[in-house]
Amino acid sequence: MQRAPRRPGSRADDRVSEVDRQIISRLQVDGRRAYTQIAAELGMSEAAVRARANRLIADGTLQIVGVADPLKLGYDLMALIGLTCDPGRLPELADEVAGFPEALRVVVTTGTFDMLVEVVCEDREGLLAFLSQRLGALPGILNAQTFVYLRVTKQEYQWSAPG
Amino acid sequence: MQRAPRRPGSRADDRVSEVDRQIISRLQVDGRRAYTQIAAELGMSEAAVRARANRLIADGTLQIVGVADPLKLGYDLMALIGLTCDPGRLPELADEVAGFPEALRVVVTTGTFDMLVEVVCEDREGLLAFLSQRLGALPGILNAQTFVYLRVTKQEYQWSAPG
Amino acid sequence: MQRAPRRPGSRADDRVSEVDRQIISRLQVDGRRAYTQIAAELGMSEAAVRARANRLIADGTLQIVGVADPLKLGYDLMALIGLTCDPGRLPELADEVAGFPEALRVVVTTGTFDMLVEVVCEDREGLLAFLSQRLGALPGILNAQTFVYLRVTKQEYQWSAPG
Amino acid sequence: MQRAPRRPGSRADDRVSEVDRQIISRLQVDGRRAYTQIAAELGMSEAAVRARANRLIADGTLQIVGVADPLKLGYDLMALIGLTCDPGRLPELADEVAGFPEALRVVVTTGTFDMLVEVVCEDREGLLAFLSQRLGALPGILNAQTFVYLRVTKQEYQWSAPG
Amino acid sequence: MQRAPRRPGSRADDRVSEVDRQIISRLQVDGRRAYTQIAAELGMSEAAVRARANRLIADGTLQIVGVADPLKLGYDLMALIGLTCDPGRLPELADEVAGFPEALRVVVTTGTFDMLVEVVCEDREGLLAFLSQRLGALPGILNAQTFVYLRVTKQEYQWSAPG
Amino acid sequence: MQRAPRRPGSRADDRVSEVDRQIISRLQVDGRRAYTQIAAELGMSEAAVRARANRLIADGTLQIVGVADPLKLGYDLMALIGLTCDPGRLPELADEVAGFPEALRVVVTTGTFDMLVEVVCEDREGLLAFLSQRLGALPGILNAQTFVYLRVTKQEYQWSAPG
Amino acid sequence: MQRAPRRPGSRADDRVSEVDRQIISRLQVDGRRAYTQIAAELGMSEAAVRARANRLIADGTLQIVGVADPLKLGYDLMALIGLTCDPGRLPELADEVAGFPEALRVVVTTGTFDMLVEVVCEDREGLLAFLSQRLGALPGILNAQTFVYLRVTKQEYQWSAPG
Amino acid sequence: MQRAPRRPGSRADDRVSEVDRQIISRLQVDGRRAYTQIAAELGMSEAAVRARANRLIADGTLQIVGVADPLKLGYDLMALIGLTCDPGRLPELADEVAGFPEALRVVVTTGTFDMLVEVVCEDREGLLAFLSQRLGALPGILNAQTFVYLRVTKQEYQWSAPG
């Protein structure tokens, strides 16, 4: 199972050009940076930057969003919940859990857990309510193990795309 | 250990007003929504919206960022790595892991893992290199268990702040 | 998720004054210490000490209780039982387990166990009866893992409240 | 390994009489109940009740203590920490952990953990400090797994001694 | 939970005298040692030795048995199976498993397993048959984990009783 | 990996004849059954039975031993300890553990434990001493997990050899 | 449980001669090596080599097969899946899983998993489909844990048979 | 992380044509099938089939090998060993383990194990020797857990390549 060498013209390069990457990387730092400023930095017209950014947003390559800090909004408890599930219901369960407003992220994974759910709750009782009333109402969840966040050391949006 | 009732004037409410929450919630949907438009929706002046948004950004309550989809940029493998660590080095290790560009998120937690690290790699060999060359070079990591993402069902930025 | 600084006038300080803490700390050492003696030590009237102590007891901040050593009363086996439960029945199960006289403490937790139960039994057969007849009769308990106490090194009531 | 029948004159009965048990059981409910009242209830002299209570306290069968609710004193986070340890240092480690003021209880056990430690911390950062600075400084602790308390359903001192 | 000192006249000493222990210890080495020989060694009559041995056998303190080596009789695979069980059926399940001829020992335990079963099988297919046809037919067995014996380093019957 | 059919003249059959098995099976029930009685039952001479029994004992196929019940001799606590070990020291460690008088059985196994040790101790403190002073003194033991016996349902010596 | 010494004329030697082993070992390196060439190397006739090879193939001792590298055929994800199963359905489940084309190997094992399944999938979604639609449709699978292959370091067919 | 649609001209299709797949699939069933026969079946010349087969073998897409059944060659014990390793030595360890003749397969994986090793041993003592002398001599192996094969239900080489 030797890795095949990365050939020119491969998947990602086809769609996202080097200029696109430059635009993305500037917006990762500041999502409201003016297109005119980015255009100046890259030696392009503002219209070209806007067109490219809009295309990246339209095809889902890029989202520009406000990310709020739960703690500063009165949510005192963040946690990751690892679930083991009836495999036959796994994709449906992921959709059902994704429907709960407390769940920020829902990922289906390999390993000792089948699904990882990141939740934000107001406090301990809110987490207990999520476990017992939200998850507890879904058939096919076999086990739920909670990891309470003690400290978020890094929450990064600016990772650099490979050139 | 009965929960104390939430008293008026408590922590979060002091700093983030109802109007702030309205502004945040609109920017969660679209980080580039024009302040004039938000101002019109809330019946405020554009200057007041801008001032509040800037204050929320300045104090870290809100970030407006471009979030790129790793898969569309040529990164084919996302994973969560659960680490168990020498407790005496836990906070330092979190800082060291946070310094790796492949690590998007680093959280210190309770439970069977002491630290959770979300990584984005180009492929399987990239993940192996992260495990063996990045993590493998740090003293105090006792065990690393990797959960490969099969499907990201939800990645939410629009969770609504409680009124 | 930086921790907000502890602001003056926060939750606990509102209700439990420094003088209250002094009274509590003396009663933690000896629950029957005479109020006149405490009053003398703190430079207060006996009536004021009694009033404050009664208020702390009435609102549940303080209990003054006789704590008996199970071993000296003929109970030869103490253990902690970690339970994993059907999440949908978790709070009810905790109430049901709390109704068993062998259970001294019942706590709902995060982690590999959903509930921790401390039990005191007369001997091995008593523990087996608790597991099979008490817990075994409750629907929704998925797994029970028992930690037998070999030595209780510390059992503390005098931990000092922060000033 | 049939259980030998409980013979008359066995260990516990020798030292703690039925009258002692009656006294203990009344003090378990209220640690400050007047000895005169207990004496009246049991048809004994106040001096006899006091003498018996003092003897039970002197030999460690009974403690009368004020038990404060950590949450009401500003401690927001209780947890049980399960430790696996270098077996050769187990009893010493238990003594060392018992020396930390955050540790309310320290028990050496059989099972997947060698030691159970109940801690009370002011908040998440306090727990992280306990793990990394207190436990992290002790050689011989191999693994620490934390169970955060979501709800204390029962905390009992009144369990009844068998007649 | 300090250990009470071992008092003279305690349980075991009552029934099994020092002379009994001497007889037991000689029979542990050789179950067919002639009573006349033991009597000579202990300076007793043969009748007294026989009477004591018979009493120890009658009350279950001692068994004298032929122990055969499974491997030399054509059984090629020994294993310990750890079971987790529905707690409500635990004692009954132990009785049911004890009814299988392949099971040499059945013990109800605390810890990650609720029951330990030692089995002797002719080969791999015999073990698979035991797991799927014997254990698989019993309701209430939740999990079975098999430890195959690679080498029996010690199998002792001569442990010495404390004086 | 189909199982080869059991061929005539295979290993065990060579050495242990059907008559040997009949003798063994009678001694499994009662280790002191008179050879004259067995001889009568099998229609053989007493000398032939004795010669065969002696040969089986000499080549280790059969042991005739007194097996004492630990509980009736004042040992109150039996347990199985599962060890994980440095693989490079595994056989030596098994020999070292086998040297401890508290260890009745020592087996090297596959699975989550590398070694299983059955111990008999006088009480909880005896078990703690075995763990911390005996096992704790051996380099290469990585983890020790104890299963306390609650009830020994079966302890069999009479399993029947296949014909 | 001392190992009996390997006796001459034992099982395997009966059927597979030293010459057979020489033929096998040459075909392990190159399955299409001409029989004339092997015959020359071993000093035999081509007919004798062919006859022996055909007999080894006919009785299942040897297979000569083309082994394709999944990665080079467009399959991007290989994994081992460890299953825990209802013991009563274990052999049937193995047969059912063996019927899925994605499963290259199916083995019933002892240990924390009851069955190991090696799968080859086109990508992450293919693996998720195998887990949820293939395995998820089979009653009696209690848990499935996936190990994604990062690098296949060795895949050997040339292991040498012992002389 | 929506999956990008499989585009024409993607990786695998470039190199392995539909005709190649037909050739491979015939050789998976019988590695010695004559090229003339395959040529006839596919309507090609024998030279073309041979040239394509040789190219597939030369670039590692296909191996044609003799696969021997270990059991029929006197190897009585197959097992998978799951290893957890010092991450910094993981790739080197995989190479070192791959050097042992008992190891048929060595795979670096994600999940609770970092490496999976399939071994073939003559018997239990051979496995113990592999664990203690082979693996035990390598620094950086933290834990080894063995899964003994009870039955190999499927061992497939004929999986069909997707068209």
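In this document, chain identifiers A, B, C, D, E, F, G and H correspond to the written order of the chains, with residue numbering beginning at 1 in each.
Here is the rule we use: a contact is a pair of C-beta atoms (placed from the backbone, for glycine too) under 8 Å apart; a residue touches a chain by one contact, two chains touch by 3 or more.
Bear in mind the structure is a predicted one, so any value in this text is a computation, not a measurement.
Matching F-H against the pairs in D-E, E-F or B-H identifies B-H as its interface repeat (over half of contact pairs the same by residue number). More contacting C-beta pairs link the chains of A-G than the other of the two pairs A-G and D-E. Inter-chain centre distance (subunit A to subunit D, centres taken as mean C-alpha positions): 46 Å. Separating the centre of subunit C from that of subunit D, both taken as means of CA atoms, is a distance of 9 Å.
Centroid to centroid, with C-alpha atoms defining each point, subunit B and subunit C lie 36 Å apart. Looking at subunit C, one finds that residues 2-4, 10-11, 60, 69-70, 72, 79, 91, 108, 110-112, 124-125, 127-128, 145-152 touch two or more other chains. Those residues of subunit E whose C-beta lies close enough to touch subunit F in the complex are 3, 10-13, 15-16, 21, 24, 26-32, 59-70, 72-75, 79-80, 91, 94-95, 97-98, 101-113, 116, 120, 122-125, 145-162. Only residues 69-72, 78-79, 127-128, 131-133, 135-137, 141, 143-149, 151-152 of subunit F touch subunit D when the two sit together in their complex.
The residues of subunit F lying in touch with subunit C in their complex are 124-125, 127-128, 146, 148-151. By the touch rule above, subunit F contacts subunit H in their complex via residues 1-4, 84, 86-91, 108, 110-112, 114, 142.
Residues of subunit H that touch subunit A in their complex: 2, 4, 7, 10-11, 60, 110-112.
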